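Below are the structure tokens for one structure; questions will follow.
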Amino acid sequence: MTRTKEIRGFLTKNMVVILLLLMMLFMTVMNRNFLTLSNLTNIFIEMSTYGTITMAMTIAIICGEFDLSAGATYALCSVFFLKNLDTMGIFPAILVTVLIGAAVGFVNGFLVARLDIPAFVATLGSMTYVRGIALFYTDGQPVSNANQAIYQWGNGSFLGIPNLVLTFLLFVAITECFLRFTKSGREIYAVGGSRKIAELAGINAKKSKLLIFVILGIAAGIAGVMISCRMASGSAALLGLNTSMSAISAVVVGGTSLSGGSGSAVRSLIGLLVISVLFNALTLLGIGAYYQQLIRGLVVIIIVAIDVYMSLNKKD
Amino acid sequence: GGTDQTNSGADTQKTDEGNAQAQDKQGDTEQLNIFFATAFMTVPYAAPMNTAMEEYAKENNINLQMVDGEGDSQKQLDQIKNAVTQGVDGIIYWPADAASTIPVVNYLAECGVPYVVLNSKVDASVQDKVPAYVGLDYEMAGGISGDLALDYLKDGGNVVVVEGVMGTEAQIGYLKGFEDKIAQNDKIKVLAKQSAEWDTAKAMKIMEDYITTFGEEIDLVYSEDDGMYQGIAAALSDAGLSDKIKCVCNGQLQFVLDQIESGVLLGASSQDPSVEGRTGIEVMHKVIMGEEVPEWTKIDCRLITPDNVNEFNGW
Amino acid sequence: MESYALEMIDIVKNFPGVKALDNVTLKVKKGEVHAIIGENGAGKSTLMKVLNGVYQADSGSIRIEGQEVKIGNINTAKSLGISFVFQEINLVPTLSVVENFYLGELLKNKFHMIDWHTMTRNVKEALEKINFTLDPKRRVLELTVAEKQMIEIARAVSRNAKIIVMDEPTSSLSENEVEKLFAIIRTLREQGITIIYISHKLDEIFEICDAATVIRDGKTIETRRVKDYTEDLMIEQMVGRSVTMEFPQRTSKPGEVIFSAADICRKNKIYHVDLELRRGEVLGLAGLVGAGRTELCETIIGAEKMEAGEIRIFGKKTKISNTRQAKHNSIGMVTEERKETGLALDFSVKQNIVITNLPKVAWKGIWLNAGKEDRAAGEYIEELNIKTPGMNQKTMFLSGGNQQKVVIAKWLFSDVDILILDEPTRGIDVGAKFEIYQLINKLAEQGKAILMISSEMNEIIGMSDRIIVMHNGHKKGELEKDMISAENVMRLAVDTEEE
Amino acid sequence: MNKNKNKWLSLLCDYGLLVVLILIILIVSLLSKEFMTVDNMTNILRQSAVIGIMAIGVTVVILAGHIDLSIGSTVSLAGVIVMSFVNNYKMDWTGMILAILAGGLVGLVNGLIIAVINGRTCDSFIITFGMQTAVAAVALIYSGGKYMSGTGGGVHSLLGKGYLPIFFFLFFAVVLFLVMRYTPFGRTVYFMGANTKAAKMSGVNIKFYTTMLFVIAGVMASTASVILSSRVNAASPTSGKGYELDAIAAVVVGGTSLTGGKGGIFKTVLGVVIIGVLGNALNVMNVTTYPQMIIRGFIIIIAVVLDVSGNKLKNSGVN
């Protein structure tokens, strides 16, 4: 009796991991190209830029908020970096780019934390104006930069691991440690779990909310620099159109509820992997684009539906 | 360069011999694998293109795999890398935007898999690495529409422009070609330019607002593509101005052909996605077979007028 | 001159339209257990929220051990050595017990990282100290209300505070846990810690408190030693009039059975419960906290899935799979948590009252009629004596007792014959309690069948015609009128043998 | 005196947006003589009709505390369905009915999933996002990805002409306004938004209501799509992309709260008109695309900042 219950509990808790393993097993059998170093590396590289944003999004969702403007900020930061790289020099340019990201995040945070605007609306607004600024700044033209140093870094690797993947994994580790072992991190959980109660316990919820948006902006800035290094180019019109929603769905697929108060960087990493492996698998299996899109939509619905159903009805 | 060659829908049969040869070469059992990395698979323009490619692939026993880059250049890079990992025989690359092509072209040049660039040019800095480009000369197409405008507005007049997504190669070329032409007559004035991002409904709204702002001051509307023209036509006909305000556009959507035939639309520069798709895969096939191909295979682009409208297939 | 641990002098606090505190003065001696009592909405919680910095007083001063202090926020209060057990549970549900224990003041190790190890150990010790065993790593959302309340108490006690404020700490505790709490309070008193104790349960005040301050309508009435008080005097001071009889008499006799449930089961919660309910009777449902009474009733009204069992209403077999069907079959339930599940706090009193039966205030059942709504709401506001500035006041601005009355009014308006009342007087002052008892009697006399859950022994004994006692999801027994006594109820409620 | 002030304050908070709208109209009329003409005003309403119909539909969902991100894809799907029937078989009525039913079906699926899993309000965000992706794919599959131009002539092509889009917009707005304000159904939706648990315990069949709400949003979206495709005389499988955000933006600019229970259809109509007027004004004043985006973003934020702080003021000011 308790045994089956335990097994059930284990299964529900680790549904996504099991799904991931099953998917990988299936693909290994189905396609000889799947379990190759280069394929797996590719999966990780693609994930690394929007994965960085996903980590920040995880923090935000734990705090009970989310951000639709991260993709636009990502685009703005990318084109800014590329345009100013030559005049500013690499490191100052990186710094200013990340500061711009942080500034956008700060505005969002100010709106949400101080003025009590729902994040959906505040970031819907900033999604529009930030992309407008990016387009205005570049006059809608794609920007490229032939700087070899950044290009080499963006496509190079260290000990066989691509630099971008290393940066991303570092970000995952930092996020996990931040969430688990720092006071600010734990306060974010408390605020997400219940803002009122956290405030009664003397936690400055406004500070936490402000912080998560600034982190999101910084992450978007870093991701913008990363993608610029990899592609040596950026487009204000096209970059990051789906990034925010992809990041949110990766977090949710990883098993973190949008209601806030729980979640972790590792879970989101698993969510990211599930989605990336799924994409990769569908392509390797030669599924047409339309059907791929259909499957993607259904997978999000099914995973979330099962997860919600289990967590809301598992009382017995 | 000097090796330009023109391909049009009417004379696709002439390459059939080449195909037969290719089939001989590869034998009956061995199937060629061609990978098509699209920039946008879900835009309507891609649909006839894909169909034409698939047809060609079927005829020539080619295994064609198509993926959607969703306008994300990084995604395209990864899709192409995956394809190379899988071991394909050739890659057709439709870039999302010119600037982001640098790492893709670098990678393709390095890995040695034959490839063809389709629809949009790559960044100038890597241009010389590209073995074959198949695409329209957008500037020329814009010029064709420009000529038409020039002809219609001999005595000068006011023009409004409805543009596509800014920064795309098509938008830049269509605009430049058109503006260069109408600059020849300094009595032609451009009143306003707005982007409708290739979207019919947005184009309609912009046209309605143009009508509000300028009314019958407008003599001619230039629509950068055929889909947007559809919205413009709706706005003009709603306002009862179809006779007074004339349009030119690029593209040969069936609707555009109908409108040219009925005399509502002055004319358009042709652009057939099926031809583009078919030519793309054909050139790819040739490259794989080791045949000589021109650096730039230009897609046929001619002026469509009521007289020759029957020669074109709408999509 | 005696030394005071805490003096709050002439505190005034206005909310728009409400003078919640009107020159309240509270003086608490060092090392005593000091009760604050008063009707619902008297201002007790508000006074404590001024002390803890959630609200700023409009005027008045606070002195701690003779020192005048300004309390701008909760952290100031903490640093002054005051800790709180709030009226509402204040634990973050998604976090573990350990983390909730240290909420807002997590321990760090020498690397400035969170020190989980030490914290877990400390929490274990703190819980042991109050004789309460619980795995500190469990998440709070898995715990029962009583367990949560005990954690709050343990947390407040472990903070080494000089002053501990407890706002209705026993409202969801069973007798057993109340005893534990009292033992803790006595120990704390011996250690010289000052305790402010707010409760509506007067017997508790007499048992544990040294002094009491009565507040009425935001004003201090009097502070006395508890031994100088009688219960009657206390009540008189609280309500401003004399209340003599605690449980009003009912004249009607139970009629025919209109509701019966047989063999009700709910997965892992409720096991084979039978019950019958007659017209005009009050059936008490007794048991310790967590006995499954709420669960049983939620299953009956279709809010939770019923696994097995049969329900008959007016003798007819009826399937109830959601709350709408329950309402249509004439069953309504006044839930125990009025703010969570009883009211839309943003809605006006009027809108909350008519919500259960909108067609009744609508033309032909489809078109809402403002006049009918006003009349209906006005009628119930008057009948239940709901204190509100107007029927259009948002219910969030009402005091607890009046909110409760709105919830009851809502179900009366729906014309159900079978009314389930879950802890109808929780957190309600004596005056309002008496009115609710009268109301229950009136309903019974009108022929409604009432199923009343209550954790207050006096109440359930005083009001019920019959009592069913539950334990751990099982029905342990049924007591007819002549068998009802506190001993019998208790014996069945704590009975742990067999099953 | 004080009471009077409160009354004014509360009126201002309720109708502040109307004042803002009138101010915008006045200012733009001064700047541009073309703006303040009957033609242009009907023009604005006509342009706003499609987003407007979607917005009033999604308002109902938002009032109950949920959200629906799939309505944009519903527009795409319904568009290609109606166009394919109009073009291929000349069956305007069948096409329109099927298209509207398709919208209802999408809503039904949304609603049923959320109802069955007992989804909290935040779950509808991600579930309907999944639906958005899936329905867009269905539209692509159904149409083969192709652009469809209308050949015109039938009933369908008339719907978008002249004052008809405005008529439909106002008609649905009035109907839903009355339903939400004066019927038990509407009141119950508000109650659900204000406190779902309380609504459940008061005998509201939450699952049924949740399902119905999404069906309404879906049907409104597909109806909007029928009008859109008629107006532009074309449909493409991506024609509704991003429309959901425009519609939701109109709802929040109007002052309906995303947490549910507060707001209403009238406010949404105001929001739609404000956004429509602004977009038109910027076009008429020949502001280019990108600055327009920047301004639009700020307008959304400013409108909501004003609304939220107005509500705070009101809540602290009411007796």
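For reference, chains read A, B, C and D in written order, and residue numbers begin at 1 within each chain.
Here is the rule we go by: a contact is a pair of C-beta atoms (placed from the backbone, for glycine too) under 8 Å apart; a residue touches a chain by one contact, two chains touch by 3 or more.
Predicted model only: the values in this text are computed from it and were never measured.
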item	value
Most remote chain, CA-based centroid, reference being subunit D	C
Chain pair, most C-beta pairs within the contact cut-off	A-D
Interchain centroid distance [CA atoms averaged], subunit A/subunit B, Å	35
Euclidean distance of C-alpha centroids - subunit B vs subunit C, Å	72
Geometric centre distance via CA averages, subunit D-subunit C, whole Å	43
Rounded Å distance between subunit A and subunit D, as computed from the means of their C-alpha atoms	29
Residues of subunit C touching at least two other chains	none
Numbers and ranges of subunit B residues touching at least 2 other chains	41-42, 166, 195
Per-residue multi-chain contacts in subunit A, two or more chains	135, 139-140, 289-290, 292-293
Pairwise touch network: line, ring, star, complete, or other	other
All pairs of touching chains, each written as two labels joined by a dash	A-B, A-C, A-D, B-D, C-D
Of all residues in subunit B, those that touch subunit A in their complex	38, 41-42, 65-68, 70-75, 77-79, 81-82, 85-87, 96-103, 123, 125, 165-168, 172, 195
Subunit A to subunit C touching residues, read off their complex	177, 180-183, 186-187, 189-190, 192-194, 197-203, 260-262, 316
Contacting residues of subunit C [partner subunit A, same complex]	54, 73-75, 78, 86, 90-95, 99, 103-106, 108, 112-114, 267-269
Residues of subunit B that touch subunit D when the two form their complex	41-48, 50-51, 166, 192-195, 199-201, 204-206, 208-213, 215, 227, 230-231, 233-234, 238, 253-255, 258, 315
Sites on subunit D touched by subunit A in the complex	67, 113, 116-120, 122-123, 125-127, 129-138, 140-141, 145, 245, 248-249, 252, 257-259, 289-301, 304-305, 308-309, 312
